[in-house]
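Quick heads-up: structures coming right below.
Shared between the two complexes below is chain A, which pairs with chain B and chain C, respectively.
Take a look at the complex of A and B:
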């Protein structure tokens, strides 16, 4: 015996109390300040989207579980969290039917069809978002959706960058979500919430850090290509990190327990690839507002494959 | 394997209806069901090829050497595909344009080769014709149904006629490729549920 490779202690053991319900409620709690900032900016419009999203996600979950004859698990809060995240990705003032279709697609196509929580290969929130984004791009455009609401003008951070107006996106406004954008644009608060989640060990730090690293590398390598051709300005990497939904992606969407891998090396690769892909789509793609969403969605398809990278079991040659 | 004509015809309509029970030929199914009329057109074209290739293959089944049978089947099928293609080009040009590459690709459609290999190569002519007609009709029905579903939700029309009212915003996801996969998957699941209830 060279060393102790395993530490085995005697019973009784103590359960830490962690579970799906605890994790979902903590995630929702730390997102509350973000939602509050959204409501402050967009008033009733944001409140309506939030309420409708959470409500219809829970309704879809209950209905679907009743239909397929599974126990109804509304109490674990995962449907409500899906709804809340979806609402934070949407601009205020989107039509109500769009919110409902998005929520139902998220829960039914993204989650329940595969057998509910723990079995879905893709993040349900992202599936819902993508389905409505592809179908109704115009209504989902923050600049168009917010035109229905009074006292707001300007461009969303990413649209401004695409147009080359670097001065129109000061870091201070990007942090606090003062620019036009989805409800959950207050990315500094998202970051703080994410750090709380890390401290409470709700999410895996490898994925979040890998994701931010991927975004940062992408920004350094080709970030300034986002500006129109001929523009000699450069994009502040911090603006890139805090604009759009990068922070939401890093701390709330990418580390989704079901659709991300669970081995350390695999988690690094997963996060990093998702971040880099997010930047590629944001800089070069047509769906630049959905770079983060599409990046995570595509890479999570590879997560079962990534999970094959794991340490060899001791004692088996 | 000797069954009655009616039985061989009927099995294509439910028990072995492609592509839901007989999960073959998915590529054209996903690609051409953007609308009901392309689905119907593709189904009819495939049925024509299926019936005639089944008949000819069945007639030649004792002449074709076993070792090169696939190549022989392909020659027979390709002949009828070319006939279909030329006829469609002459008489239904818009449909020919809409289906595009998927008409020549009927040659490699698994359903047709599968029926030649699994049925027509072993059974008499009349039975093979009934089998081809049944499977082809089932394929046409499924394609038209899937096409109508996707067209109604994805474009708000059915055979080009508006059916959803003026305030309907088309759910464009449905007429795109991922919509085809989702729709087909859900229908497959529903068919399995129905089958499970029927045989309970």
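Take a look at the complex of A and C:
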């Protein structure tokens, strides 16, 4: 009689079904409508950036993993998601080489040199964005980048606010991304997608809510300082909440699994601090368009420290 | 996400008489290793003692069938240690050879009488997959515990063994619990039951919750005392725990003089129905499955115990022992596999850990044998419930890392002591 060959492993023999690939693909799926609105507005310009970003992120990941001699893990979708998020943060019409540089920076400098997913101290997408924003600021300016495309004029939401043109940013247009800005400006759709992620427990909801809380507090405390001095108009907090990538930050960037803390209290503090910092930079900083990005990046640095705030384990009380 | 709760009663216990070949390891849960007291070729009666030892923590082993001793050999038990085995071939014909029944009230009996009877009849903690066995000790030189807890519900999802036993013979469980209390000298007797079982027991009860792992012995015992213990404080000396089936066996051993010959097992195939059967000890897994029309094939996973804390078996010809509460088959397609990848820091494990351990950091250290660091992250609080591995987004074998680190720690401890 032939002997049976059984599968053996340690317990548990059940699994909840969670997975890296599942999380990546769900995140990308809920971002599809956002990308679609971007493509509607900017046509081929947006499509090219999206395709180029996702493609070069995946290429960078595969190349780097080959060079290091690790298994190629394109299948988990994390490189593709990084690419998609980066594209949504970029204005349509940026030169192609900038997109490629940004993507390679994101994957290689932001992620792979630390050992890949799970090891990078900062959010890879944001690292990529910051590299090109600081190095090629002019090309990254939505108002400039989009000037190459026909039939578009006006100011991005944040530029308009800084200029004091409060009436130029109606909430409806901010929601649907009708104003010029990055490809992923349809912030209402981002919010809906984010809520789906919360419901499916894909992201750390404490971080998201903390982030939104921090942004709101910032708005209330010093939001109107964003307007030019002497202006007596006031900024609608909802406009602040839905403009300048706050929603992307709250649901897709700040809760990045690797660069955010995991302890409950630490997650709240992290989210809240990132939100508040984002507002500070937006209102007072030079890179006001990158308030959300810089806010999250800076607070990520404190993430391992924040994780030290933890309850005493049972038995040690 | 599958919800980790416990199913409720569906049927009666089915008796599987069993006949043919039995394999009986001389090392059973809750007992020190035994010596075979029969030789190859001997005729054995049903209930005849075949393995014994003189240590106070031994529980004797008896032949579940009338027949012949075919072989004495060694094998790896399903708890993973090597032990001698007795192979018997026979059938369930004839009366069971019993010990002299004892009829006095528990109050009139001396602890020693009961203890000796339990040892001779082979009553060691039944079930729990060998994992909660250590919570009851029959050693006379040990300080009596404050509380003896009788767990009448099953620890894990899928398992239904203990609740079936209680439903079948509540009086015997209560009587046996009283006798066991006498034997260990506990001041209080507490029945841990689920909400719908409260009418079956009398005396002090602790209603257990439906959600895993709230029936884990450590959690139940901490609920009674208000305190958790670290690894070095386990097993607890102030609370002992036995299963309902152990209590029933104690009752039969004392009142009827009947030794432990069978084990109640929940058997099933994942995704299909499961049934509760009573089989002779030593029955082979393949035999039990065959009776249900199931068969383990290449690539399947076969495990004893529950789906979260059980033990995967490498051999479908392994025997049912006193620790086998459950026996399940996962067909090839449904077998979930762990992956050797990095932790992505999603924090799910931290959220789910009942002991509030920073599991992500703890297991990263465990994986690479950094025991001191793992201890800083509360390795010794872990009760090995397995929930962290169940939710892990990276699908890391977290429980394996934990068990590995605990073993390494234990080894280091031994080395330090002998140095």
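Criterion: the second predicted complex is superposed on the first by the 303 of 317 C-alpha atoms of A that agree within 3 Å, B and C clash if a C-alpha of one lies under 4 Å from a C-alpha of the other, contacts with A are read in each partner's own complex, and residues count from 1 in each chain.
The working rule: a residue touches a chain if its C-beta (ideal position, glycine included) is under 8 Å from a C-beta of that chain, and two chains touch if they have at least 3 such contacts.
Because the structure is predicted, anything quoted here is derived from the model rather than measured.
Of the two partner chains placed by the overlay, only chain C lies in contact with A:117; chain B stays clear of it.
When the two complexes are overlaid on their common chain A, residue A:8 makes contact with chain C while staying clear of chain B. Once the two complexes are laid over each other on the shared chain, residue contacts for A:17 go to chain C alone; chain B is not touched.
By the document's definition of touching, of the two partners only chain C reaches A:314; chain B does not. In the superposed model, A:236 makes contact with neither chain B nor chain C. In the superposition on chain A, A:260 contacts chain C only, with no contact to chain B. When the shared chain is aligned, no partner comes close enough to touch A:224: not chain B, not chain C. More chain A residues lie in contact with C than with the other chain of the pair chain B and chain C.
Touch criterion met: A:101 reaches chain B, while chain C stays clear of it. In the superposed model, A:135 makes contact with chain B only, not with chain C. Against chain B, the residues of chain A that register as touching in their complex are 97, 101, 109, 113, 131-132, 134-136, 139. Chain C meets chain A in the complex at residues 1-2, 4, 222, 228-230, 233, 296-303, 305, 307-316, 328, 330, 332, 335-338, 341-348, 350-351, 354-358, 360-361, 378, 380-381, 386-387, 389-395, 397, 399-400, 403. On the chain B side of its complex with chain A, the touching residues are 169-174, 176, 178, 182, 185-186, 189. On chain A, the positions that touch chain C within their shared complex are 4-20, 23, 73, 115-119, 201, 204, 257-264, 267, 307, 310-317.
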